[in-house]
Amino acid sequence: MSLLQVENLMVDYLTPDGALRAVDGVSFELKRGEILGLVGESGSGKSTAAMAAMRILGPPALITGGEVLFDGRDVLRMSAEQLRRWHWREISIVMQSALNALNPVLTMQEHFLDTIAAHRPELSNAEMLTRAAELLKMVDIDPRHLNSYPHELSGGMRQRVVIALALTLNPPLLIMDEPTTALDVVVEREILKRVLQLQKEMGFAILFITHDLSLLLEFATRLGVLYAGRLVAIGPTEIFRQGGIHPYTQGLLQAVPQLRGKREAFKSIPGSPPSLKKPPNGCRFHPRCPLVEERCRKEQPVLKHVQHGHQVACHVRT
Amino acid sequence: MNRSIEYLLRRLGFYALAAWVAITLNFLIPRMMPGDPAQIMFARFKGEMSPSAIAALRETFGITDAPIWQQYFTYLRHLLSGDMGVSVSNFPEPVVSVIATGLSWSIFLAGSALIISFILGTSLGALAAWRRGGLLDSIAPPLLALLGAFPYFWMAMLALFIFGFGLGWFPLWHAYPEGTSPGLNLPFILGAFYHAALPAATMIIASLGGWMLAMRNTMVGILGSDYITYARARGLAPRRVLIRYAARNALLPNITGFGMALGFVLGGALLTEIIFSYPGQGYLLIQAVRAQDYPLMQGLFLTITLAVLGANWLVDIVTLMLDPRTRR
Amino acid sequence: KQNETKARPGVLTVAQEQQSSWVRNFHPFLPMGVARWGTSAGIYEPLMIFNRMTGEYVPWLATSYVWRGNAEALVFTIREGVLWSDGEPFTAADVVYTFNLLKENPALDTGGLWDYLSSVELDEEGRVVMVFSRPYSPGLMSLAQLPIVPRHVWSKLKDPITFTNPNPVATGPFTEVLSFESQVYELGRNPLYWKEGYPKVEALRFPAFPTNEQVTLALINGELDWAGSFVPAIDRIFVAKDPEHHGYWFPAVAGSVYLYPSQWVKAFHDVRVRKALSLALDREMINRVAMYNYTRLPEPAGLSDGYAKWRHPDIKPVDGWVHFDPAAASRLLDEAGYRRSGKTGMRTGPDGDPMSFEISVIAGWSDWVRACQVMARNLQAVGIDAKVKAYDFTGWFEKVQRGEFELSIGWADDGPTPYRVFRGIMATETVKPFGDNTYVNWHRFGNQEADDLLARFERTVEFSEQRKIAWRLQEIYIEDAPAIPIFLNPSWGEYNTRRFVGWPTAENPYVRLSTNHPPEPLIVMTRLYPAPDSASAQKGDTQ
Amino acid sequence: MADKLLDIQHLGVHFAIGGLFDKSTLRAVHDVHFSVDRGDIVALVGESGSGKSTIAKLICRLEKPTSGKILLDGKDVLETEPHAAGKEYRKRVQMIFQYPFGSLNPVHTVAYHLSRPLQLHQIIRSNDLRPRILQLLETVGLRPAEDFIDKFPHSLSGGQRQRVAIARALATEPDLICADEPTSMLDVSIRMDILRLLTDLRKEQQTAFIFVTHDLAAARQLADRILVLYAGQLVEEATSDDLIADPKHPYAQLLLAAAPQQGGSLDTPLPAKPGAPKNVDPQPGCAFAERCSQAMDVCRQQTPGWTWMENKRRVRCYLYGDTRADEETTK
Amino acid sequence: MNPALLFKQMLANRKARAGMIIFGLFVLVSLVGPWLVQDPTAFTAVPHQSPSWEHWFGTTGQGQDVFAQTIVGTRVTLAVGCATGFLVVLLGAVIGGIAGYLGGRTDDLLSLLINVFLVMPGLPLMVVLAAWLPPGPMTILSVLVLTGWAWNARVLRAQTLSLAQRDFVLAAKVSGESTLRIVTAEILPNMLSLMTSSFIGATIYAIGAQVGLEFLGLGDISKVTWGTNLYWASNDSALLLGSWWTFVPTGFCIALLGFGLTLINFGVDEIANPQLATESRWARKLKNRATADGSTPVVAGGVR
């Protein structure tokens, strides 16, 4: 049984000018210990999907359809208290804006204590402190920083703290929403290495969200590609390394500049992603698609298996 | 820690400068205005005074024809030794001792009103933001805004006549009951609170809306911030999120506002004191104005300013304790 | 329903001086309103009290006075058997000391006594002889009413000017400071008081009331026994509340309030214009709008009932120009060449100048502002474009003292005789150049004959002679119309007979009821006695 | 060199930071010199806070240098116009900013943004304004231009905004454009479009570019030469191919190792210790020494100077020679 | 944001619209009111008369028509209020703008000045100043401006400071725009909603302070304004005499005007920061579904 199963998830934002569907029928599953990457451009609904599945998106977001099962439990029917208990013990998140995720007026120690106490009230203060120090060491931070305030730490350090916080209760699933985009390449590398190392040691699963496809290619087990609120392709990373099947995936892969090899002309996908307020009919990618056919303009494609567990939503390629 | 001390010292330096500006302003205002201060001061004697008596009094009041800078230094020297001159309308009482009787009452009244109003207002604001669009959030802000739009003194007058004069629930004047003697005794303390209740209540009602709205608005911003979502995601209890994460951060900008409001509320308190015959600075001030008691007027302005500056410094200390970022 | 503790039986509660809190100061020579009121109304006593109501001097610490020569010296016989409140005997030496104290400390001589005094000494018979530097009969009142202080206390002071005299030693009926707090203080009876069996009041109690409004509230609630403040619609809100006990009496025996036309304005050089201004004023309306009908219209010469015995017998109320006759006013203006013109209907002078004037008034003095507003309307009705301009006290006072105003409302100098009234209104001696400060005669009007008359007045102590002079002055005044009387200044006074009786009233006018004119209240205090049923009333009150 | 357009000599900016008790200086940019030829594309790479943007701002005269010279066509512009740049300079040197959402004024239309430089520099008579704006929009690939000209920024997507910003920079027909991370805030699928636009412009209009980026791959694709910056100092300059193929300076090596690349470098350790550059109250010595795995004693004592290599390549590191910076600057 | 757009958005905002209607009514009254009512200073009627057909709001202690006084009093009060608001924002924008844009020493100095004036308690200073100066609306105006500019300068400086660092300002600089043009054409238009709310805030403050000063008798009491109306009401012991009608209408007018202005400010705030809206459509829709604990609400079937 898969750890997390998201089935046909629909998430709306209620805006003053009507509802806006940010996630439209997204389905994916995640097994224990696996790393699933979600890519997509800005605004494609990656964070919305992940956070709605975890149910930490407040209004005006609204889940209007679908199903989320965690270890067989129906997340969408959980009460507030059930949610509270589920969070962090079994699923934790490193948010996109991790740099702003820490309360500016609390020290690191208070963050850890608050978190532990919320789930393990039986622990003594000293035990909690020991655990906090241990966690910091795990992400290569000197435990003396327990007494530091967020503004006293560099961006990279804060990011590590947030990761350590996510691991506080050893959850089987960790959502990492662009954990490193705000950071320098060098720091990004260092942190990623650490996370992967920990993942190997502790065996938690990761839902890794980013718009940097080339990064995911390096370590994800499987990859999903979101475009304008819809999942257009999902499957083992290998297929993506080979160039992908969906025209959008292919475009994305070609648009990444190469460090090695020949310097070639810049390849890009013409046009820009659609606005979710007025998405195009049919396949949402069709205005930018080089392979566009008549049917793409009218009919919405659904995910279909093509090869080796790889699914794409494309009329032309399936 | 070093940084904190530096911060406090820097603020202290600023207040010293502000105090100097106030002191200088205080010196300059009467001298920039048309007319001879002595003339004005003795005008009230309606000519019964002989010129020699006036000359003698001028000397007593320290009005000289010395060059202005010399007067200024004399003035500064006197101030430093706690001498603000002699009150004309309470001659020969020094201004300092006239003011002393009222200052503590003013601080008591305005201070308690301000603190209650601030605590109540920010709590209401925090709750309104926490339950966005709820009953409290939709009714309280416009209602309190309407109440706050009434002039302080107008509310005070109405309250005095309805609850004091009409219904007789509250005393009509003074700061403590006759027959009790000021000090640490229960009848006096209870009486003092009883006497302050109505004036304080009008001030609280008039200023509550401002605090509530300010808190609500910052709180709404804070609630949308990432560390709130993150705190909730970590499964913290809602109360903890509300108090430790949301309210505590939203409070910070409002505490700065608290400092700013001190002067304003004290001003409103002056009007309220006048209505309620509360023996504070406000009544003294208006009395000084009516009696053309310029030394007293200046002394009052100066002490009020210094009190506000001092209170602001306390606010700075509180901010420092609450917001680690100021220790940067 | 009331919550304040009440005064103990036998304690008289007085509202006087509007203060938010009391400052302990019982220095008798500081200008009025600076020391606590009780200083000159209960604690210290003068040689004699001029009773404005009767126009007589009431012997007090002195038993009599005589003039020497033509107002060249004044001799007081001092009362025997008076003790200071500390038990020391009061003697004429104390009187001499007091006067010389003022000589040595000009700052204390706020009445300017030593302008005309040359020495104060004892004669062989133990009387006090005050020798004048020039004959000056009007000096009597100030000299007679000076509070007398004990030499054995005051001579030991280092600085008598800044002395706050917290525990006064005096001869008056109330010399004990029983308690003194910022909100209330009490003065207790002087057991050694020289008037046998008096006072019958145990103590005086003074709560601090900052405004008229508070005093009014306290009066209505029956918390006050005596007050001297303005109360609006007094019959309705005060008397009607307890008609049996609440009473007031506002006799208008002091001076008048005047409208001054400054000689700075050319049009006001013409006596017809000045009279026309006066005839245009509807004093009834002014009284109603500004004064709640509390006062009376002035006599033709502007002298109040306090000067009744000085009034010219041949001048009838309709004589002259102190009544409302807009038609006559218009006639006079037409005659003087100020005719209505053009669209606005306002008058212009012979040389084409429009008749447009500003009436200056003190911003905070609301009764005056109201009066001016009515006057402006009255003047507009006869074609004079008058506008009210309110200045703060300082600005107004500077302006009027320099004479650089057009029309202004204002007070007049007054005293026991009409001398000061007319001196301040029409003596050439008091006319200063425009731009110079002067305390009287702001409008700068002088009449040579009046000068001579006033000089003669100073030199005579004979009443019949003085009265003749006063009559002539009144004739001149009515001829010249130098200043326009508007209404008589009432003396405010309210009382409550629930606890104390014996108040002066219109029926028993032994002195003014007002608390505002020390030392006159001394007369009242030594006549009051507890109401027969006050004990029971007191009980009923505290429930 | 005849077509040397811009010459930067010993440029530095030091900021005073801190308060009463601990004053310190922050060396945002220190002793930077390089030159840009006409039609040249020079990439500035380095980690966050290394001073890339500051250099771009210095060149565009948005920041005042505390030392050094800026020569445009051999003329020292800081000498002739010490306080603010003159019209001529403004016309010739333009800038493109990182945040497409912030670089356009929300109250003005696209037309306004483009017309201002045209009017200011009197490039065109007012009748021809609109056609010229349309033309500019076409140049940057906003077609049909008529659809965009009257729009307000909020109705444009990020890529479109960045194009408008580029069009504005192009309006004055400048010789040099400083582009400060022009694509980092854009979506992956449109980044390449913008980069292609820049190369096209260089080809067509002989505009030189200073391209600020932290993306080595993009720098390599676009630029002729790459300058590597660490803690406000240049540490290496080479042609892009040389640098990618064989970085000399340990920091350049670190940068390259950290760049994502297929095949996965996540298993190999990075060739340096973690840490942050020290540019507050800098001590003598190489700023990178603390993190450098090959650091020698001399590295911590004295700042290294330039070592020149073939192909106009230079590196500031003792591993390649023993040049001291102090000697060089005193020279 | 250009003025027309802001105005359109204000019209669209429920609160701002209501506020503007109230404010507009008062402006209208202040413009034409004095011609519609009898002379407010005429002593025509019996004093202390309760409201009747002849005198809608009754009469004062002097027999003047309270309705006429209330109507006529609107003019000076509103004029002084708005003029103060305008001048205060102008002064604040100039000083705050210069400080924020120029930065450096100038900013340090001006900020110091601003902060000093900010901590100075306003009303006592006002009282002292007003006691020295000749009474009248001009005095009140200048005293209010003097004591009130700092707050706006502070707010506008902060805004200028953040705008001056924005890329579009730098871009304008790079284009070669002059400082003046940058401030007027690039920065100021972006502060329009802030300046509007500053203006309104300052006007509210000015009306309150003005009424307070006049109530204390520090104004020109021969003029008819709301403040002097209250002064006279208190002077005539209106409440003691039971003549509440001389006191209550003016108080309500002040409150209503203040409330109207506050509503406009609520609206402007919501326009500038849509997060703040209390009763947005989604809030109403979500009212029953919203989860107070901040978790994502779930609904089957969607909301379209």
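Think of it as A, B, C, D and E in the order they're written, each chain with its own count starting at 1.
As a convention for this text, a residue touches a chain if its C-beta (ideal position, glycine included) is under 8 Å from a C-beta of that chain, and two chains touch if they have at least 3 such contacts.
Note that the structure is a prediction, hence the values are computed from the model and not measured.
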Touching both subunit B and subunit D (chains): A, E
B-C or D-E - the one linked by more C-beta pairs in contact: B-C
Chain whose average C-alpha position is farthest from subunit D's own: C
Averaged-CA centre spacing for the pair subunit D and subunit A, given as whole angstrom: 32
Subunit C and subunit E, separation of their C-alpha mean positions in angstrom: 47
Whole-Å gap separating subunit B and subunit E, where each centre is the average of the chain's CA atoms: 22
Gap in Å, rounded to a whole number, between the CA centres of subunit C and subunit A: 91
Sequence positions of subunit E contacting 2 or more other chains: 131-133, 217-218, 234, 240, 283, 286, 290, 293-295
Residues of subunit C whose C-beta touches two or more other chains: 217, 364, 394-395
Junction residues of subunit A - those touching two or more other chains: 51, 56-58, 83-84
Of all residues in subunit D, those that touch subunit A in their complex: 47-48, 157-160, 187-193, 195-196, 199, 214-218, 220-221, 241, 244, 254-266, 270, 272, 274, 276
Residues of subunit A defined as touching subunit D within the complex: 41-42, 140, 154-156, 183-190, 192-193, 196, 211-215, 217-219, 241, 251-252, 255-260, 263, 265-270, 272-273, 288
Touching residues on subunit E, where the partner in the complex is subunit A: 274, 280-283, 285-286, 289-291, 293-304
Subunit C contact footprint on subunit E (complex, rising order): 41-43, 47-48, 61-63, 131-136, 217-222, 231-232, 234-237, 240-241
Residues of subunit B defined as touching subunit A within the complex: 225-227, 229-237, 240, 244-245, 248-249, 252, 322-325, 328
